[in-house]
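First chain A sits with chain B, and in the next complex the same chain sits with chain C.
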Partner chain A sequence: MSRHLLSIDDLGAEGIEEVLKLADSFVEVSHRDIARVPALRGKTVVSLFYEDSTRTRLSFETAARRLSADTMTFSVSTSSVKKGESLRDTVQTIDAMGVDAIVVRHRSAGVPHQVAHWSTSAVINAGDGWHEHPTQALLDCYTIRQRLGGVAGKHIAIVGDIKHSRVARSNILAFTALGADVTIVAPPTLLPPSLAGWPVTVSHDLDAVLPKVDVVYLLRLQNERMTEALLPSAREYTARYGLTRARAALLADDAIVMHPGPMNRGVEIAAEVADLPSSVITQQVANGVAVRQAVLFLLLGSGASRAA
Partner chain B sequence: MAERERSLAPPHGGVFVPRAQVMDGEDLRRAITRIAHEIVERNHGLDGVVIVGLQTGGVPLGERLAEELLRIEGVEVPTGSIDVAFYRDDIGLRPVLPEAVTDVPVDLAGRTVILVDDVLFTGRTVRAALNALADYGRARAVQLAVMIDRGHRELPIRPDFVGKNLPTRRDEMVDVTPEGVTLGDIVVTP
Partner chain C sequence: MPRELVIKGGRVLTPDGPRPGDVAIKDGVVVAVGDDLDGKHVLDAAGCVVGPGLVDLHTHLREPGREEAETVDSGARAAALGGYTAIVAMPNTEPAIDCAAVVREVLELGASSCCDVRVAGAITVGRAGERLAPLGEMADLGVRLFTDDGAGVQDARLMRRAFEYATALDVTLGQHCEDAALAAGGHMHEGEWSSRLGIAGIPAEAEELMIMRDLALARLTGARVHFLHVSTAGSVELLRSAREDIRYSAEAAPHHFTLTDEAVAGYDPLFKVNPPLRSANDVAAIKAALADLTIGVIATDHAPHAAEAKEAPFDEAPPGMLGLETALALALTELDLTEQQVFDRMSARPAEIAGLAGHHGVWIEKGAPANLCVVDPAAQWVVDPAALASRSRNTPYAGRKLTGKVRHTILRGEPIVIDGVAQR
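The block that comes next holds the complex of A and B.
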């Protein structure tokens, strides 16, 4: 693993497999009475979130604490950013305190790369604009592997707002790197302007895709998309692309339903579908902690990365 | 010493070149039989005894000890394995990644744990293992069984059951396989 985790591309298939294998050990740790190991004692992990988040920030902080690292939270609303401090000054201030890892989320693509450039710490991308969210993709791969035995050869449909989704981008990279067959299903207005070079199949017909897939991965539909006139209404979106009860019945028996959260129940996923046994949405959250522990340990703990 | 230890010990990336065989497969078998008897004797039976092998070299030895205990006492002893990668004190100093997922089959509270490793050297792995075991419950006692005690301890740790005491130089390597125990050197290939 390189010194930072900015993109799934940094890892490649081999790097992804390394994270997933290590996550197995942390899942075992999580089942113990004392779910904490001393692996990163004395290390400090800072979460620098310029965008709202509950699960990702909590997941990273839980992961860091279960490795005995110290955690600091930087939230924009209570910081000097309010006084107009630039991103660069903020990063250098944090860096000067002697931290070991910075977990960054920002509304603009490429910010984690910038931070990595300015800082001497390991930088982990926790979501940057429409670009990437690599740890989400890793935990999704882990969840698929856990439920279906592996990612290679699986047929995965990613449904929804592909254009504005960093989750979709990281997941497409990760799933295809591991040898899955990915179909993206979305209205034309929610597809990126060009799909050249994306190793995916495109469909606008969810009903035709569902019976053939092992995994249906639903993306969150953000309300802004309606005000931007990319969609006529949430109701119309649900009618054509929502995973309703009737559509869920089209899925194969062992197929699973995934969602990165937070869900809009009743929009991209019917309320009762989210609670079906085939829905692995809460497992995704649980696995997120173990997978992020694996990432933190690889970046900060194992000297292996230092030599690389 | 396990493959992992070899690749981790300086000089990094060296190759193990065997020099002298110190035990053969038969010696190893007899040592395991003797240690099994000593375990039974020390603990007045096998009540509450659990075997935990250290990844990687201690795991097959732990399993063989369990088989031997079943043969001589007719008792099936719960057997697990533990990987101490997350507990080492040299994290960050050298590559440390777990080899396998830790598998401790029972709650250790009130039990007697026989910790098994192939080679006892500095004692640091055992120190890490003791910390790791504590996270699975408060064992009544922990006893240490090793096939080879090669000296050079850096911590106050001593084994309860030893296959063979083998004086070594610090820079030598001890390799334990089912076929026997070999003393050799790490040679860096250009």
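The block that comes next holds the complex of A and C.
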């Protein structure tokens, strides 16, 4: 594994498998009375979150604590420029405290790359703008593997706002790296301007896609998409692309429903569909901790050494 | 003090093409081009091209307002080291150059600098795109180019009025072609790379729409329009097929014929510029347009930014790159042009648009003004941002080996740069 986790591309199929395999053992440990192991004792993990994300931050911090690492949180609600301190200054300040890993969330694509450039710590991308959210993709792969036995050869539909989704970008890379067949389903306004080099099939017809898939992965629809003239209304979106009760009935019996959260019940997913047994949404969250433990361990644990 | 100076042994770009020889200068004027000329002072030009000093139509000097990034003095020195003897300062300073008082201030600041400094005035007050700036009072001070560069004038009616008004003043209106609504929120070229990197894109069409509009308005009004930093293949097509009765000129920047949007892959804001770095197909179109004169001018869009401004997230960093000290080397090596053609695009044609004809951009012969650029087209050098004369360091070519180095720059007969070293 490379020194940082900035993109799923840093891992490749082999790296993803390594994370998933290691996550198995952390899932096993999590069932013990004491879920904590001393693997990262003496290491410090900083959460540098420029964008609110309670769930991702808590998941990382829980993962770090279960490995006995010390954790620090650096929350910034305003942009570095507005705050007057440059991003580089912030990073070098944190770095000077002698930390081992920086978990970065930022509304701007590419910030984890910049942090990695300026820091001597390991950097983990916890979501950068529309770009990537690699640990989400890893936990999604883990969940699919857990429920369906593997990712290779599975047909996965990702439905919704692909254009503005870091989850979609990381998942497309991860799913296809592991040999899944990915179809993206979205109105044309919510697709990236160019799909050159993306190993996916595109559809605008969810009804036609659903019967053929093993996994339907729904993305959150942000309210602001309606004001940007990308969609006429949430209602029309739900009518054409929402996983309604009737649409869920088109799924094969063993197909699963996934969502990165937080859900807009009644928009991209009907309330009752989210609670069906085929929905693995809470399982995704549960797996998040073990997968992030695996990532932290691979970057900081025995075998990985802090760069000089 | 004027002194007698001879530039020895170069390839001299004369009205009849290049010829080997010496150039003798006295009282700021070329007094002879010939063989074995002698003078009190001699500058060696063996292996060098001796051409008219370069003229940059598009320089951001940042003074007044952002002196930490560049001053008139530092920008003019960078220009001289890049072979320029005249530059046109863009009006997006703070305050904007939108009235006689600010024009005077910048002209005064430039009066004793390393090259001639002219200014472009704003088309609208404060570059806000709402009311016409006093073009006439600025024209009276010698301003020949007006632009709201940094933004295009969005209101078609206002732009029509500006063109109409300008026809009485013998001035050119320059347009930063970008439809603001279509480009809104974008930070790089929209395409394969923006999609992959998750950065909001600026479509080529945002530029092309405004070129279409202004070609129509220039035709309607008979005004002269100059298209700033043209960057797309579609724009080139529009200009190439423009009717012959439309009085247009256009420029392209070196970064638009040397770099593509792939450079953004590392998210380094040094590669953020507006218009953005485009695709390889666009780069090829710009090169071809500079060869067939669809685009007649190479202009730098030299845009200094303090280091901390570029150490921000990509979408928060300001757009812009340094250009003055690297432009000539890139033009000599990356374009399919002769040396004389390079000087045509970088000196003769921009001098005309800047209203400097007869003073700059004059092919060398007896009687020509001694504003000269002596460049060794074979000299190799590595771009070291710390060694640049600009106050800023935001060159996208750091570490790149370039071929072609300015050796001497002569302004009104006086050597401003000797062997690559500024004398002021």
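As a working rule, the second predicted complex is superposed on the first by the 296 of 308 C-alpha atoms of A that agree within 3 Å, B and C clash if a C-alpha of one lies under 4 Å from a C-alpha of the other, contacts with A are read in each partner's own complex, and residues count from 1 in each chain.
Just so it is clear, a residue touches a chain if its C-beta (ideal position, glycine included) is under 8 Å from a C-beta of that chain, and two chains touch if they have at least 3 such contacts.
All values reported here derive from a predicted model rather than from experimental measurement.
When the shared chain is aligned, chain B comes close enough to touch A:24, but chain C does not.
When the shared chain is aligned, chain B comes close enough to touch A:301, but chain C does not. Contacts of A:113 after superposition on the shared chain: chain C is touched, whereas chain B is not. With both structures placed on the common chain, the touch criterion links A:131 to chain C but leaves chain B unconnected. Judged by the touch definition given at the top, the superposed model places A:92 against neither chain B nor chain C. By the touch criterion stated above, A:223 is placed in contact with neither chain B nor chain C.
The contact sets of chain A with chain B and with chain C never meet.
Residue ranges on chain A touching chain B, taken from their complex, read 22, 24-25, 27-29, 32-34, 36-40, 67, 297, 300-304, 306-307.
Taken in their complex, chain C has these residues touching chain A: 190-192, 194-201, 203, 266-268, 308, 311-316. The touching residues of chain B, counted against chain A in their complex, run 83, 85-87, 91-98, 101-103, 131-132, 135-137. Those residues of chain A lying in contact with chain C across their complex are 79-81, 86-89, 106, 108-111, 113-114, 128-132, 166, 169, 192-198.
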